[in-house]
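As written, the chain order gives the labels A, B, C, D and E, with residue 1 at the start of each chain.
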Amino acid sequence: MSDPVVPLTLEGAAVLHQMFRIRWDEWRALDAHSRHVALEEAGEWLQIKEGAEGGEQSAAYALLGHKADLLLLHFRRDFTGLLEAEQNVRQARIGRYLELAHSFLSVVELGLYESTRKIHEELAARGLAPGTPEWDAAVEETLDRQRKAMASRLWPEIPESRYICFYPMDRRRGEQKNWYQVPFAERQRMMHEHGLVGRKYAGSVRQIISGAIGLDDWEWGVDLFSDDPLAFKRLIYEMRFDEISAVYGSFGRFFIGIRAPSEKMDALMRGDVRGAIG
Amino acid sequence: MSDPVVPLTLEGAAVLHQMFRIRWDEWRALDAHSRHVALEEAGEWLQIKEGAEGGEQSAAYALLGHKADLLLLHFRRDFTGLLEAEQNVRQARIGRYLELAHSFLSVVELGLYESTRKIHEELAARGLAPGTPEWDAAVEETLDRQRKAMASRLWPEIPESRYICFYPMDRRRGEQKNWYQVPFAERQRMMHEHGLVGRKYAGSVRQIISGAIGLDDWEWGVDLFSDDPLAFKRLIYEMRFDEISAVYGSFGRFFIGIRAPSEKMDALMRGDVRGAIG
Amino acid sequence: MSDPVVPLTLEGAAVLHQMFRIRWDEWRALDAHSRHVALEEAGEWLQIKEGAEGGEQSAAYALLGHKADLLLLHFRRDFTGLLEAEQNVRQARIGRYLELAHSFLSVVELGLYESTRKIHEELAARGLAPGTPEWDAAVEETLDRQRKAMASRLWPEIPESRYICFYPMDRRRGEQKNWYQVPFAERQRMMHEHGLVGRKYAGSVRQIISGAIGLDDWEWGVDLFSDDPLAFKRLIYEMRFDEISAVYGSFGRFFIGIRAPSEKMDALMRGDVRGAIG
Amino acid sequence: MSDPVVPLTLEGAAVLHQMFRIRWDEWRALDAHSRHVALEEAGEWLQIKEGAEGGEQSAAYALLGHKADLLLLHFRRDFTGLLEAEQNVRQARIGRYLELAHSFLSVVELGLYESTRKIHEELAARGLAPGTPEWDAAVEETLDRQRKAMASRLWPEIPESRYICFYPMDRRRGEQKNWYQVPFAERQRMMHEHGLVGRKYAGSVRQIISGAIGLDDWEWGVDLFSDDPLAFKRLIYEMRFDEISAVYGSFGRFFIGIRAPSEKMDALMRGDVRGAIG
Amino acid sequence: MSDPVVPLTLEGAAVLHQMFRIRWDEWRALDAHSRHVALEEAGEWLQIKEGAEGGEQSAAYALLGHKADLLLLHFRRDFTGLLEAEQNVRQARIGRYLELAHSFLSVVELGLYESTRKIHEELAARGLAPGTPEWDAAVEETLDRQRKAMASRLWPEIPESRYICFYPMDRRRGEQKNWYQVPFAERQRMMHEHGLVGRKYAGSVRQIISGAIGLDDWEWGVDLFSDDPLAFKRLIYEMRFDEISAVYGSFGRFFIGIRAPSEKMDALMRGDVRGAIG
């Protein structure tokens, strides 16, 4: 297989992670009625977004630690939808008590390493070369087929799990170890092995990968969802020994959040943890 | 060809990217009339700059994420023109609601790798050596000719595309992989291959490269313009497998913006996304 | 032993380090009565948490230097308990005078390198392979046994020592020196040698290791407790010559604190050092 | 020549670069009379310093981009003179509208690579060894002679050029490529070649090198002065292919400024660009 | 000599460097009487600390550049003494005009490379092995003897020199060049050569090394004291060519200060440089 082969890739929902610090002093200085009105408004907006279709939802999480207090995770049909979500939050009454500390912009992505390998083998067997009309037609046909088959993963519903773990990552481009210089077959093998570890945790951890090359400062974003936060630690520790992570993984900041459903927004903003996430 | 050969380079318009955070709290605290007057003034200024000639325009973009809210992209005849643009924005009524979070200073640049190769070959064939008067005259003549031929690319109009992607970049100077130590012929080959990938996207992505060596903290700035933001992701992902990007590319922060034309500045500052960019 | 072998690992209490800057100007501007009430409230809360069972305690330390002024160290049964501790501090009267400058989220961890080696040897001797039901059952049985034997280390009481030293760390994943690519037997030997140095200081330094892979920006957190702060320096200097630290250790920021017990919170916030920690 | 040979070095004026952000909001909120008085005072101070002797001048530049708005460049006889310049600015009426964002402390420096080579050859030819009284006397005599010959470069007047380019730099100390381990003769050759490129631009660019080892966070500061800002870009791009820059150069942030003479301080602070620098 | 040998090390005074930004606007807004009272109080405190015994003194320095304005250097018997010094400054009237921008926590340290070599040789000659009671007794006896002989260096008086240069440093732990993997005899030789360069400057520069492993973010702090600030530059430049610095040195930020004695605190805070340090 001639190199470098770029894996076929499908894109779905546009994704924005917003990590806010809450301006607690100002919020608590607000009178009870204004707080109530702001929370009503915020809760209603969130409730609608929680109930939207796959690929159009938003969800809220209380974050642990000093990096930020609140994560809003938005899936939308496109970037205009994300800009609108940003403005909805900013223009809402609660918006002036939220300070945007971090964010991550990406697009749900499925990297079709296995399909890429197959199509290259098949077309080469038929004597076709990349760039020919037949080749391009075959690729397009594969992408269309997979796009339909994978629709629910490309436009996912946000899992209802209690915990979220988000982190951005790159594939390393070191002077000796450079992912983008590794032959396709090697990359495909490493991705496959990596997937086997993920599969072991399939019962306890749901994963959504989004691509951010050309969109944000890291190449990918990883969202893990689970009812057991230790599953994040075990899964990522085990994966770290995979060749692909050990040698080629470069990781950004990790954010751990606890789901705060719309009907409990009120308790969260009162600092009532058991009420907010119980 | 004796090394290190510095590629011949043409320079055109001076460029300034300004990324602002909007002080929403203060802006919204302003009375409606004052907001209206400030927006009228800003819209008029921007409208004039949108309609200026190539190499003298400004354009506004709403940015996604926490890095900044508003990108003003300025092309001018020289640095004094850019300083003036900076002061125009700062002294305008709207200026006190804009906090400059990032910027990038550069000059539109065309690297003439192909011409450099040709001229070196021709002159060497004629037995001339670099630094001789004949050599310098021939180089000057080439530059003049190209400067005329490339005038519209050196003093470009800002494309009307809906989306912009901006990022700064360096060529790596690692201990083993060092772009500035690669023989010219190798560099030229890699640039050529890189261009072929770019050409595949010519229908959907317009690109303006500007040079910043000696002007800002990265060596180049890249502006991509498209009506389909996923084209940024696909183009950059495909290019990342090119030898020149895989091995020698080092990238800064990525900024993604949606064009906000002057007549819709009002909607943008009201948080009306569909109105501002619809 | 087939590689890469992931060491068996036990997890215990959830841990949150909170490093606060005290807003001294605002605090001192507060009237004496309000200060008294706030300190009473804070002191009572802390006293209860100091007296809680192992794995559910909190403790306060005055930090040296500019990084922060106050460290609150929380151990809890789970992450919800930690979020509650965060909210308790934030919602308390004293909370508005505390600015969260840093934090670290982790889980008490025991890495069972020795047990991992033994179980691999035994099971291999019995002809069993990893992933078989017998293998998994044997692993589960070992983990259960160790979890009981190690309960007091997994759910530790916070030592009463006068000084604390906290720092986060990674195992290096360099292009040549990569911990996650080292064969298990080598890793186990290095961990063992590392432990021998630690044991020399067992009389003067207590150590609690917590894991943060997938939870925070470093892989582990290290808490050392001692009545002699020079013991931290000697222990870590000696360890730095260990192969595991010299070659594979990567360290974050170091925080040094002096225990500030609940009954002396009052003196601490008055700036009375001898009264607060004497 | 025995290694490592430290090149003989001459030091002249003490140099301080101060990069200020202007507090525009507060400045514009000031009444016209107070602004006038503050500008009179600042203009007079600057006028005196512009007219001082070489090695004792100050000059002002309007900076482009978000890093800072105003560069004050001070040359003085010693560090006490620089501290005084700092305090002059801070205590002036205009001082409270200037926020110090960056700075760089250094001493004008001439590295005598060529003289070092010669003296080593001569003295070795006479059979003398480094550290002997004869050797030290000969070195001292050379330094004295050069100090007189180079006086105007050691205590330079600030060029009147319209543009300034300032950046700090280090020589690389990598694991394989380490400037401080390169034999003296190699270093001297590379410095010599580097100088040849500089000489090509002698007509359009003036350069002042200052040393900051032991004084600030980078080893050297480079100030370039020109009436054509593109000359900075061309000079530095061409030099980047020199072995010394390509392999051993490590560069900090770049600052580009436009000279703002004292009599036009008023226009600059009104945001009147053409008036201030025209 | 078996490796890795940890050099014997003596510890003395606890050291805290505090780098403050002065809140000039607020300070100048204060009425003259309150300023006077605050300065009297600060001056008296500092005078007492300047006159304390070796190992218990404090001193003040005016810093150059934007990193900070004022350095307070504290030597104390222990960390509680340092925490008290911190609180003394913070609780003083002047404290609210001082913003702590940087700090460094360490302990005066003497690394006994030469004694370590001797004792290893002697004990090995007597057939003793490390870790035996005889060996430990001999080491303890050496440390005791040296501790007495070196007392004035372990509990130093702060030199009265006009200038201070402070910087933190690490020994490199690179993938190829790793100080902590170098055989002891090599390390001892490099330390010895390094000391010879230092000795050349003994007449003009006094040096105090403090250790910070386990205490702060760098391994060591270096304080240089001189009446000629160019001596800092010359000493450090010459040392940078030493193998130990060239290959294994990694340096933090450099701070340059001018001594501001207690009786001139008043002039310093008025911005009267000649009065404060003349």
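By definition in this document, a residue touches a chain if its C-beta (ideal position, glycine included) is under 8 Å from a C-beta of that chain, and two chains touch if they have at least 3 such contacts.
This one's a predicted model, so the numbers in the text were calculated from it and none came from an experiment.
Listing every chain that touches chain A and chain D alike gives B. Under the contact definition, chain C and chain E share no contacting chain.
To fit its Cα atoms onto chain D, chain C must turn through 145 degrees, a value rounded to the nearest 5. Chain B and chain E have centres, each the mean of its CA atoms, that are 47 Å apart. Separating the centre of chain A from that of chain C, both taken as means of CA atoms, is a distance of 29 Å. Residue positions 175-176 of chain D each touch two or more of the other chains.
Arrangement of the chains shown, judged by which pairs touch: one closed cycle in which each chain has exactly two touching partners. Here the chains link up into one ring; start at chain C, go to chain E, and the full order comes out as C, E, D, B, A.
The part of chain C that touches chain E in the complex is made up of residues 24-25, 28, 62, 64-67, 163, 165, 167, 174-177, 224, 229-230, 232-238, 240-243, 245-247, 249, 253-254, 256, 258, 271-274, 277. The residues of chain B lying in touch with chain D in their complex are 4-6, 9, 11, 16, 18-19, 78-80, 82-84, 86-87, 90-91, 95-96, 100-105, 107, 173, 175-176, 178, 180-181, 211-217.
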